[in-house]
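Across the two complexes that follow, subunit A remains constant while its partner is subunit B and subsequently subunit C.
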Partner chain A sequence: MLKNKLRILVSILAIIFILISVYFALIYTPPHEIMGDVQRIFYFHVASAWISYLAFGVTFFAGVMYLKSKDFKWDNIAFSSAEIGILFCTLGIITGSLWARPIWGVFWRWEDIKLFITFVLWLIFIAYLALRANAKSRTSKANLSAVFGIIGLICIPFSFGANRIWQQYHPTILVSSEGSLQPSMALSLIISVIAFTFLYIYILLVRVDIEKMKEEIDKLKQKVGG
Partner chain B sequence: MNAVKAIFLKELRVEFRNKQMINSYLILSLMIIASFRFAFSIIDFSITELASPILWISFFFGGMFSLSPIYKREIEQGTKEGLLLTPISPSSIYFGKLFANLFIIFCLELFILLLFFVFFPVNIPDLFSLLCIIVISTIGITALGNLISAISSNLSQSEVMLPVLLVPVLLFTVIMSSVSVTSNVFAGANIFDVLDEVRLILAFDVVFIAVGYLLIDYILEE
Partner chain C sequence: MVDIADLIYLYAAYSIIWVGIFLYIVKLHTAQKKIENELKMLKEILNGKKT
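For the complex of A and B:
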């Protein structure tokens, strides 16, 4: 009962904050002095990227907790969070590319460390989902995916280092700086990050519930089947 | 230590008893290098610049196929339960298999290197540095590859899942650094010029071995 109320509360908060953030991002803040209106995608782009990092972090943490406790509850959280993370990561990559095209002249720059790390994270968690789809039993699914989630996140700082070395030999094209954030822009950004965080929590709660129901159905099916 | 040695010798015996397997690794290496030669035969390219990525991609794919059966055959032949019932800790199994794998992959890489020089006649200013870097990077690749191979052996479609899991974690970490360092070596640097980068690769090795040591228990308990 309490959980349902919490879910409704979070969903209401998410809707309110999303409406506010749309107003702030599209109407309240003035257009960027160099980039113009194109820059407005920034508020949603940064927020999606932030949610994807948060979601993958949650997957890592839940994976560690699962290996410690062997409680499937943690595995459900890890999986749900990974799925949402991929969704927001994809959104972040798409909005980022749309923003990059008019500003940099290209959709993607391999030299950019943020883009590179986001892409590697995206690949790792796509592999994570593929691993889960191919597991043979419930326990093996939970165990192996928890281990792989941990390996994946451990690799990220190393990707960072590898990219730094790479750049020394493949010099980057100089880009114009993005310009400093005005106070109103910073405020809009904070609001949209809060809105997306509530949205993430809401989707996570729903997704975990769906996983739980799936498990219950499986149990019932087994009972009926004998 | 004895347990590690026993597993190491067992793995090598299994590998070398089945000569078909070794032969197919060697033939596969020939095919990989030949396909690269084919791909680059049409265009004009600078061999010193492309040598390092070609070499590492060949090592990666050649090595991957020898990583694949090392845990899987225990399951296929039903020897996994027996192995786990012996009074040997999972980490000893991991290290035994890791050393055996390292030995095989080193042999394979030496063979690929020979083929590479035949198909892509490139100047090497400092062979010793090149070999050192290959050895250091291979340790990291094999340490993580072994762990991922243990994971994928428990999955359905394990042949497909091994590369799917390996590419994101290996290609953008160890292999990317190794390619950068090796292209420097091809351009005339020696190992002391790229010491910082080599230190990073050594850090990979240490961390990946530690990760394997810590996590193998959870994978083998399946």
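For the complex of A and C:
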């Protein structure tokens, strides 16, 4: 009952913040003086990337907790979060490419380390899902996933920091000494990130609930069969 | 300044984001409903066996 109330509350907050974020991104914030309206992609591109990092971070944490406790509850959280992370990482990559085409003239630059590492991160978690699908027992599935989740986390600091260290093509927004973001743009970005964070929590609650019910079904099937 | 024709990329990006998220949530809710029904059915079978 409390869980349902929490889910409803989070979904309402997500909807409210999504509507506000779309208003801020498309109407309130002026177009960028150099990039024009295409820059508006950035608000949800960055929010998607942030959620993918958060989701993979939760996968790592839940994976570690599973290895410590051997409680499948943690494995369900890790798997659910990894799936959501892949969704948002995919959206981040696609929207980044759609921003890059008019600005750089190409959809993708393999020579940019940030782009390359983010692609590797995405591949690691695709492999994570493939690995789970092919693991034989429930325990080996959870163990392998936890280890893969930990490996995946290693990429996150590199993916996040690559453009700050090497300063290639990908823009850096948070550490610019010139303050490349106007206050209205920064506000729009913060609201988009908050909206996507609520959306992530909502999806995670639903996804974990599905995994929990699947486990219950497996147990009941054994009882019915026996 | 970017050409007005480049707005197609803005439109495409927003469409992909919202349609992608919407479809994923719809898929989750469909799966959730299906699993809930299966769980209910199994519980009924088990209760029937007990009585």
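We adopt the following convention: the second predicted complex is superposed on the first by the 200 of 226 C-alpha atoms of A that agree within 3 Å, B and C clash if a C-alpha of one lies under 4 Å from a C-alpha of the other, contacts with A are read in each partner's own complex, and residues count from 1 in each chain.
Going forward, a residue touches a chain if its C-beta (ideal position, glycine included) is under 8 Å from a C-beta of that chain, and two chains touch if they have at least 3 such contacts.
What you see is a predicted model; the values in this text were computed from it and never measured.
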- Message: Tell me the contact category for A:Asn143 with respect to subunit B and subunit C: first, second, both or neither.
- Response: first
- Task: Determine, under the contact definition given at the top, whether A:Asn134 touches first (subunit B), second (subunit C), both, or neither.
- Result: first
- Message: Under the stated touch criterion, which partner chain does A:Arg101 make contact with: subunit B (first), subunit C (second), both, or neither?
- Response: second
- Looking at the overlay, does A:His45 come into contact with subunit B only (first), subunit C only (second), both, or neither? second
- Query: A:Lys73 contacts which: subunit B (first), subunit C (second), both, neither?
  - Reply: neither
- Message: Need the overlap of the two footprints on subunit A, from subunit B and from subunit C, as residue ranges.
- Response: none
- Item | Partner subunit B, residues of subunit A touching it in the complex | 67, 116, 120, 123-124, 126-127, 130-131, 134-136, 139-140, 143-144, 146-148, 150-152, 154-155, 158-159, 161-163, 165-166, 168-169
- Item | Residues of subunit B defined as touching subunit A within the complex | 144, 147-148, 151, 154-157, 161, 164-165, 167-169, 172-174, 176-177, 179-181, 183-184, 197, 200, 203-204, 207, 211, 215, 218-219, 221-222
- Item | List of subunit A residues in touch with subunit C within their complex | 34-38, 40-41, 44-45, 48, 87, 90-91, 94-95, 98-99, 101-103, 199, 203, 206-207, 209-210, 213-214, 216-217, 220-221, 223-224
- Item | In the complex, subunit C residues that touch subunit A | 1-3, 6-7, 9-10, 12-14, 16-17, 20-21, 24-25, 28-29, 31-32, 35-36, 38-39, 42-43, 45-46, 49
